[in-house]
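Quick one: the structure is below, questions incoming.
Residue numbering begins at 1 within each chain, and the chains themselves are lettered A, B, C, D, E and F in the order written.
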Amino acid sequence: MSFLGFGRPQPTSEEKISAVQAEMKVLTQMHDRLTKACAKKCVPNDYRESELNKGESVCLDRCAAKFFDVHMKVSELLQQEMQSKGAGGGGFGFGG
Amino acid sequence: MDGLTAAETRELEQRMQKQQMKVFFGLFSNLVDHCFMSCIDDFTSKSLTGRESGCVARCVQKHMALSQRLSERFQEYNAQMTQQQQQQGGGFR
Amino acid sequence: MSFLGFGRPQPTSEEKISAVQAEMKVLTQMHDRLTKACAKKCVPNDYRESELNKGESVCLDRCAAKFFDVHMKVSELLQQEMQSKGAGGGGFGFGG
Amino acid sequence: MDGLTAAETRELEQRMQKQQMKVFFGLFSNLVDHCFMSCIDDFTSKSLTGRESGCVARCVQKHMALSQRLSERFQEYNAQMTQQQQQQGGGFR
Amino acid sequence: MSFLGFGRPQPTSEEKISAVQAEMKVLTQMHDRLTKACAKKCVPNDYRESELNKGESVCLDRCAAKFFDVHMKVSELLQQEMQSKGAGGGGFGFGG
Amino acid sequence: MDGLTAAETRELEQRMQKQQMKVFFGLFSNLVDHCFMSCIDDFTSKSLTGRESGCVARCVQKHMALSQRLSERFQEYNAQMTQQQQQQGGGFR
């Protein structure tokens, strides 16, 4: 999760703990989103069988690999965009 | 993860337990919603039909298998990322 | 909400309060999910009338009953699964 | 809910108020999103058409009725669950 | 965001800060919901071009205007409803 | 927003930074999910095809433009609301 900058020195005790907590939350959410996306892509909704069949299993593995790739790719694209527009500026910005 | 004192670790564990309960409850809720939406279609009575009941059971089982499989892929990916970061970042602390 | 274990003795004041708060949050979320699910199942999206008609009302009541049943059933199935696999292990696990 | 001191009850009430505001805002947001997605389809002008406006009004009213009805079912269910737990658990405290 | 009552006098320092934070959260969520809704209404999912074309841009502007209008309208309708039913009661209520 | 002391402003800024990180991460996650669901359809191999890769790039770019445009409309709307409130409310403090 390099994009959140965890792993840098964290001074106080409270900060260290909440950094670990935050990282766990990020991982949980990502697992959640991965599951939601790949269930939709690979497993039909009628549930005629309770086991994953061969085709579904292979699909899930490939789907996970592609999900991580898209994650990386989007992260890179956003970084490029932000650099090209300068630190202060727009594009994806939310201005309250 | 390293660099925590014993007291910090204890505090962290307590909070983690709470968070894990939340995570588990989130997974549980998603599962209920998904299996309900996928399996329940008959509103001519208020009890689950045999078909619906069976569908929910298969839905739960299949999703546990699915979640398990994706967890493994996710852990492999995280291990790989951590390794790359340590190689690139020098791995201090 | 027996699956969250509220109702057991809660020592400190802060813990008691946050337990009540947590229970309220769980109930809110469940009400939310119930509404979302049964609106989708029973009420068409075109909104030609502003009143619930007879058919929709009956459908909502049955839908709620089935939602609670599915809740129970999934809870039982997960408990069985966790017991059969032992406390430490897999199935539905999320390993960060 | 019982077993709280007066000070705890006061603190709880304050937090509850905040939480209720959040809950209400969540319901409100869901309602806006749902009625917007269901009723708004015409992007040839920037003002709501009469048809859209009417649809939103009916959507809100219908959802309040729906939410009210499901709340009642939910409360019945919770009451029933609480009763079962007390019977099973012995009902101490 | 008049419906949340921010802007009234806020006594303690902690309360002032968390009011600003809460307002920011509300604005963020609203921006999020606006984006989700209007992307769905105005932009097809196939992504054959990377630029917004004229039609999409105009659609987004009108979609935003209508989203704010619906926001207002729903807010008014709920207030009317709550007044007509009295402060204590039902309608949209959630009773835990 | 006004009426904060220097210390409060500093505390606020620190919390805002955290919140902004969360906001940004939320936007990022939504973008990944949306572009993944819209662009990825081929599960005959585990690497992204050229078509998928291009689609993701266009999806990200288009969404940044879209998000930017809607942000502008949203800011205009907020400015207008603030103005109306000040006129109605007398604008004290």
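Throughout what follows, a residue touches a chain if its C-beta (ideal position, glycine included) is under 8 Å from a C-beta of that chain, and two chains touch if they have at least 3 such contacts.
To keep track of the chains, here are their UniProt names: A, B, C, D, E, F = Mitochondrial import inner membrane translocase subunit.
Every value quoted in this text rests on a predicted model; they were computed, and no experiment measured them.
Enquirer: Measuring between mean CA coordinates, which chain is farthest from subunit F?
Expert: Between subunit F and the rest, the longest centre separation is with C.
Enquirer: Can you tell me which chain lies farthest from subunit B, using the average of the Cα atoms as each chain's centre?
Expert: Using the mean of the C-alpha atoms as each chain's centre, the farthest one from subunit B is E.
Enquirer: Using mean CA coordinates as chain centres, what's the gap between subunit A and subunit E in Å?
Expert: Averaging C-alpha atoms per chain gives centres 26 Å apart.
Enquirer: Please tell me the distance, in whole Å, between the geometric centres of subunit A and subunit C computed from their C-alpha atoms.
Expert: About 26 Å, centre to centre.
Enquirer: Any idea how many Å lie between the Cα centroids of subunit E and subunit F?
Expert: Going by mean C-alpha positions, subunit E sits 14 Å from subunit F.
Enquirer: Subunit E: which residues touch two or more other chains?
Expert: Residues 24, 27-28, 30-31, 36, 61, 65, 94, 96 of subunit E each touch two or more of the other chains.
Enquirer: Would you mind listing the residues of subunit F that make contact with two or more other chains?
Expert: 23, 27, 35, 39, 57, 61, 67, 71, 74, 78
Enquirer: Can you name the residues of subunit C that touch subunit D in the complex?
Expert: 1-2, 7, 9-10, 13, 16-17, 20-21, 24-25, 27-28, 30-32, 34-36, 38-39, 43, 45-52, 56-57, 60-61, 64-65, 68
Enquirer: Would you mind writing out the residues of subunit F in touch with subunit A in their complex?
Expert: By the definition above, subunit F touches subunit A via 21, 23, 25, 27-29, 31-33, 35-37, 39-41, 43-48, 52-53, 56-57, 60-61, 64, 67-68, 71, 74-75, 78.
Enquirer: For a test of understanding, state which residues of subunit D touch subunit C in their complex under the given definition.
Expert: Interface residues on the subunit D side: 1, 3-5, 7-8, 11-12, 15-16, 19, 23, 26-27, 30, 34-35, 38-39, 55, 57-59, 61-63, 65-67, 69-71, 73-74, 77-78, 81, 85, 89, 93.
Enquirer: Across the complex, what residues on subunit A touch subunit F?
Expert: 3-4, 26, 29-30, 33, 36-37, 40-42, 58-59, 61-63, 65-67, 69-71, 73-75, 77-78, 81, 90-96
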